[in-house]
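Here subunit A shows up in two complexes: once beside subunit B, once beside subunit C.
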Partner chain A sequence: MSAAHLSPASGVGVDRQRSRRRRSLRLTLEGWAFVGPATVLVLGLSIFPAIWSFFLSLQRWDGFSEPQNIGVGNYAYALKDADLAAAVTHTVLYTALFVPASILLGLLLAVALNRRIRFIGLYRTAIFVPFVASAAATGILTTYLFSPQFGLLNNILRRIGLPQQGWLEDPRQAMVVIAIMSLWGSAAFTTVIFLAALQDIPGELVEAARIDGATARQAFWHVTVPQLAPVAVFATIWQVIQALQLFDLVYTTTRGGPLNATQTVVYYLWNAAFRQTEFGYGSAVAWTLFLVTMLITVGVVLYSRRARIEAF
Partner chain B sequence: MSSSALPSASAATAGRSRPRRRGLPFSPWHLLLAPVAVLFAIPFVQMFLAALTPAEDLNRIPTPFIPTRLTLDGFGQLFGTSPVLLWLGNTVLVSVTAIVSHLVLCSLAGYGFARLRFRGRTLGFFGIVATIMIPIQVLMIPTYVLFSQIGLIDSLGAAIVPWLASAFGIFLMRQFFLSLPPELEEAGLIDGATRRQVFFRIVLPLAKPALTTLAIFTLLGSWNDLVWPLIAINDDQAFTLQLGITSFQGTRRTQWALLMAANVVATLPLILFFLGAQKQFVQTMTFSGLKG
Partner chain C sequence: MPRIPIHRRSTARVAAAVTTVGALVAALTGCSGGGGSTTLDTKADVTLTWWTGQADEAEKILEGLAGEYEKLHPNVKIDVSSGAPSTEDLLQKLSASFAGGNYPDVSYAFGSWASQLEASNRTLDITKQVADPDVDWKGFSGAARQTARPTGKKTIGFPAVVDNISLLYNTKLFDAAGIPYPTDRWTWDDFRAAAKKLTNESTDTYGYAYSVSGSEETTWQFWPHLWQNGGEVLSSDGKKAAFDSTAGVDALTLLRDMAIDDKSVYLDQTDTKFGQLFAGGHIGMITSGPWQLYDLKTAKTDYGVTVLPGTDGNHETVSGPDLWTLFDHKDANRAHWAYEFTKWLTDPAQDERWNVEYGNLPLRESETSSAAFQAQVKALPGLDVMAANSANAKHARPTVPAYNKLSEAIGDQISAVLQGQGTPESGLKAAAAKADAALEGNGP
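Let's look at the complex of A and B:
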């Protein structure tokens, strides 16, 4: 409403309006006093660099000399880059190993831990504690446990007379070892969210099925499992995103070796950006990864909608 | 050991007092859970054991399963020949700053977005939510360039600043405040309290569960962070603990006792926190898939 609509005589209306405007200003200031510091920090350290990163991806720049604008040159190069293609293959291999295993293990452990049996607290603690292990600690532990000379695994193989393995030093095994240790550190996450979902299922649902004559197994597969589907979709998306971004554990175990067998997309990106100082190319790879991740996420969400699983 | 983390078995799936079949004197689930629990425990058990094992055992092939004697030599070498205490101090400083700042800034912002009506609120909150999707890989190069321009690179500040607040934290606190009944606050306002008083005296004391979750989230994330410190800090005086122990992999590759002692220093604090507050950690895990 503007002042023109009020008759000049109505001084009371002008006063009221002015006080309302002052009140609105006061509320705005108060609101921003609450949200301002965190909002400025979060947006300043994400939206602003993300946009900057996109412009960097259109340049050739080493961080020192004058940046050159090369349009989509970095993206065109990425499509032909054989090393990047190999890194994509390794990342897909890791994702294919890690994601289904983490979902199935999480489901199995959640069902098992959702029991009132002895030692259940102990079992839960043993399975959940590794969640606090950092990538650095997990990496050092991995190189120790899987060391061909001194490691526990080859030590056991040696005692029972089986052939020694190369583990992290064998290009065919290294990624499997990394996937196993990722599972060790993150099984807690999938287990916990499935466990929470199991405990949200109303008991009457299962009881009703049992009264209708279903066996415990039928009730599990036809009543409980469908109730877990939304959580499974969410966990799958989450774990895929994590898997596509694998870096830490590669850095702290193999540094991409042996023979580049564990060089993942993000490891390659990090190397390009911070070892070769190709800031433009690194940004282009990062943006491509981001867009692919978004597409996969949207794809899974749409697919689950069509399958009538309401994950989101 | 802390009590079990979640409410015990729900009626939905737990087999109720069904008669035990096949004559097992215990639940068949033990046959799955006991071996799995042992497997999950092995890496940490090996870590503690190796940290206390003398070098002559660790470098012998085959390595004995049980050390011939226990020793603190690994810790002695670690503290005597590396700045690990400085790194520990750095990490504590980073984590404490991150937690305090997160608790203050994210609860203020979460409350503002949940309860206050003001200009720019929708846009601001939409921006926050949009950033949750952006991965670190997209941000790290410009952030590195930005931090070098303002002289933060190679200082502890570079590790701290990205942890001062987070979109997840704001979102978590907003959702929590939305779940509170507004009547209490309205009563306070009618009685003449200001928003600030209402927030600090009425709302914040009710927010303990959400604040605990946020504190644990921030602790785990900032304590264990590797990729960002790796990019931003090359000066070993400003190393965080994670960065320091990773640097040993190049220089102390075969000093297993020292490496494992370093691992204990980096991990034990979080393990103890976990054992002391398992329920709260599990709660935090449910909210955030912090780790891949």
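Let's look at the complex of A and C:
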């Protein structure tokens, strides 16, 4: 613990040393008393089940019969599971749609909000509200918007004489609609991060560039944007992790349909574990996803260090 | 320099959730198994835990009955609760409770879970007790009895709720289209022709509706078609899928032709919307069960009910019996009272006040002559037709442990074919291959 740091520097007398030791012990105990409950919670509710799920992933267990040890059998099956491969494709598609869009939209909104105009507090709040809304609420709201028969969007299309769309009920459009939905819900996150970063950039830099003859656009691209790079790397990694774990929106809207077109990796493993009661296989898929996410993160961190983008 | 706290929303979170519940239950309760009484003492105090799997009104009725039983038998206390937020979640809850050794004495269970529950070796076997003529075990439908005895070796509980699917039609839409109402002599050709006539794109009206969510709703609606054509779900030894047959192809081709060629079928991506659309007068006919009638009454829909259309005079339907499963706690007293209570609950006198009162079908056909049921038929017209239609449930839905996976395999393929992907032949073939792997115990 950091208790040692907290103990004040003192003289060399034996008594004082003893009292210092006692004091440091007290501080240590005090420290543990503060972090203890949280540590127990984290260990009990997060670390311990995670470790247990690893052992589960080496078994074939339906939750009722005796578990069977099958070594890496579940992992081997995952590698040749065509349905899982499809789920991976859907997740990658979603990530490719969602992450760049959320970064660009966040940057755009942040620049738009980073100025002194009237009611700026109101605008910032309006952007942030969807982020606070739960995914369940977002999901339910958007199923109403996108309902092919009774939804607002198809009504508008009908009014202006454009063809009706299937939206969430069309296998080709469903994933795009889900990406739009989550973009609406989480653009605020990247916006706030970019906004904070923008406000950290000293005004003199842009001013100096402008005095040197740069146009507003040049100043933005060559002065402001490079300053934002570390934050952009951080936001990208964060959004990728979020995207790879997409579950809640799918669960509240399409439940993996139509024709499994929106079945993501996490939805697939949830279905395997809880619908088909293959707890071992579900755990194996979860661990594989965890390792892949870890590799991607470490990879990006190493790359950004080498490229001297100091995001971490 | 901030570091991303990777573990915070760790990817293993869902997997963690898989085990959290079990871990907590195990940690908090310890193992409560064993330590029970080995000799029966019917006077001893006993506390039973009962998970009903019901909500709202149904839960209230059952709680009332439990209270009544406690009054009749003062030494028996019944801890009654829904058990889980939804009936579907009960399976997960049961699994976690087994891990923690703190499972109920009596629990509601979907029929499709029966063999899995039996495989846990934690169910009671009441085969001998129910042979008592006093129980009137034979009074239950064949499908229900078979589900309570999933592998034929043990009787793991009593039927809890029985149902079947019948043909419901919107009389207003039929009148508007000038078509005579469906009868109990209809063939699927009559059905198809009527559906086509009822369909009207300009008013968003469809002749029929079919769920393409790929869930059990998609699958079980297909079984009557298969059986009527002479097909079977499984081979006679139960080890191979048998639906990939001429009968299967004929059955799926009819649905495909209606959905793709006639465009007379509303393809529902959820399992619930078509019921609402039928109640709202946008769908001419649906095939559904007693649970639909209450909504139709609320929506004041003009409807009629008859048996499913037939193939060569065979009007077979499918039935989905659910169970009160009894669990073994190695305690003679608990086992005794769990059995006695469930027997009492499923007795016609009590069934009248639960299943019949709530608008479900009565558990035994003999109850259909009761005053209570006749009163319910007045309130929910067509309920009598559905009760009589139980006789058309000749096949029991398979209860093999791999049924969930078989159901998903064929459900996915039916959905694909009805939405124009693949042919009935290729779809059933792919589904059968997947189901075979699951039945053999290969795969995950």
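Criterion: the second predicted complex is superposed on the first by the 283 of 312 C-alpha atoms of A that agree within 3 Å, B and C clash if a C-alpha of one lies under 4 Å from a C-alpha of the other, contacts with A are read in each partner's own complex, and residues count from 1 in each chain.
We adopt the following convention: a residue touches a chain if its C-beta (ideal position, glycine included) is under 8 Å from a C-beta of that chain, and two chains touch if they have at least 3 such contacts.
The shown structure was predicted, so the numbers you read here are calculated from the model rather than taken from an experiment.
In the overlay built on the shared chain, the residue A:Q245 is in contact with subunit B and with subunit C.
Look at A:S283: by the touch rule set out above, it reaches both subunit B and subunit C.
With both complexes superposed, B is the one of subunit B and subunit C in contact with more subunit A residues.
Contact with subunit B, but none with subunit C, is seen for A:R124 once the two complexes are overlaid on the shared chain.
Contacts of A:L56 after superposition: both subunit B and subunit C are touched.
After overlaying the two complexes on the shared chain, residue contacts for A:P258 are found with subunit C alone; subunit B is out of touch.
Of the two partner chains placed around the shared chain by superposition, subunit C is the only one that A:Y77 touches, whereas subunit B remains out of contact. When the two complexes are overlaid on their common chain A, residue A:Y144 makes contact with subunit B while staying clear of subunit C.
By the document's definition of touching, neither partner reaches A:A229: not subunit B, not subunit C. Of the two partner chains placed by superposition, subunit B and subunit C are both touched by A:S46.
According to the touch criterion, the shared surface of subunit A, contacted by subunit B in one complex and subunit C in the other, consists of residues 45-50, 52-53, 56, 63, 149, 238, 241, 245, 247, 266, 269-270, 273-274, 279, 282-283, 286-287, 289-290, 293-294. Interface of subunit C with subunit A (complex): residues 1-4, 6-7, 9-20, 23-24, 27, 91-92, 94-95, 98-99, 116-117, 119-120, 204, 212-214, 269-270, 401, 404-405, 408, 412, 415-416, 419, 421, 443-444. In the complex of the two chains, the subunit B residues touching subunit A come out as 1-15, 18, 26-27, 29-30, 32-34, 36-38, 40-44, 46-47, 50, 58-59, 61-63, 65, 105-106, 108-109, 111-113, 116-121, 124, 127-128, 130-131, 133-146, 148, 161-162, 164-167, 169-170, 195, 199, 220, 223-224, 226-227, 230-231, 242-243, 245-246, 248-249, 256, 259-260, 262-263, 266-267, 270-271, 273-275, 278, 281-282, 285-286, 289-292. Those residues of subunit A that touch subunit C in the shared complex are 44-50, 52-54, 56-57, 60, 62-65, 74, 77-78, 81, 149, 168-169, 171, 234, 237-238, 241, 244-245, 247, 254-255, 257-260, 266, 269-270, 272-284, 286-287, 289-290, 293-294, 297, 310, 312. Residues of subunit A touching subunit B in their complex: 24, 27-28, 30-32, 34-39, 41-43, 45-50, 52-53, 56, 63, 108-109, 111-141, 143-145, 149-150, 152, 155, 158-159, 181-182, 184-189, 192-193, 195-196, 198-199, 201-203, 205-207, 216, 220, 224, 235, 238-239, 241-243, 245-248, 251-252, 266, 269-270, 273-274, 279, 282-283, 286-287, 289-290, 293-294.
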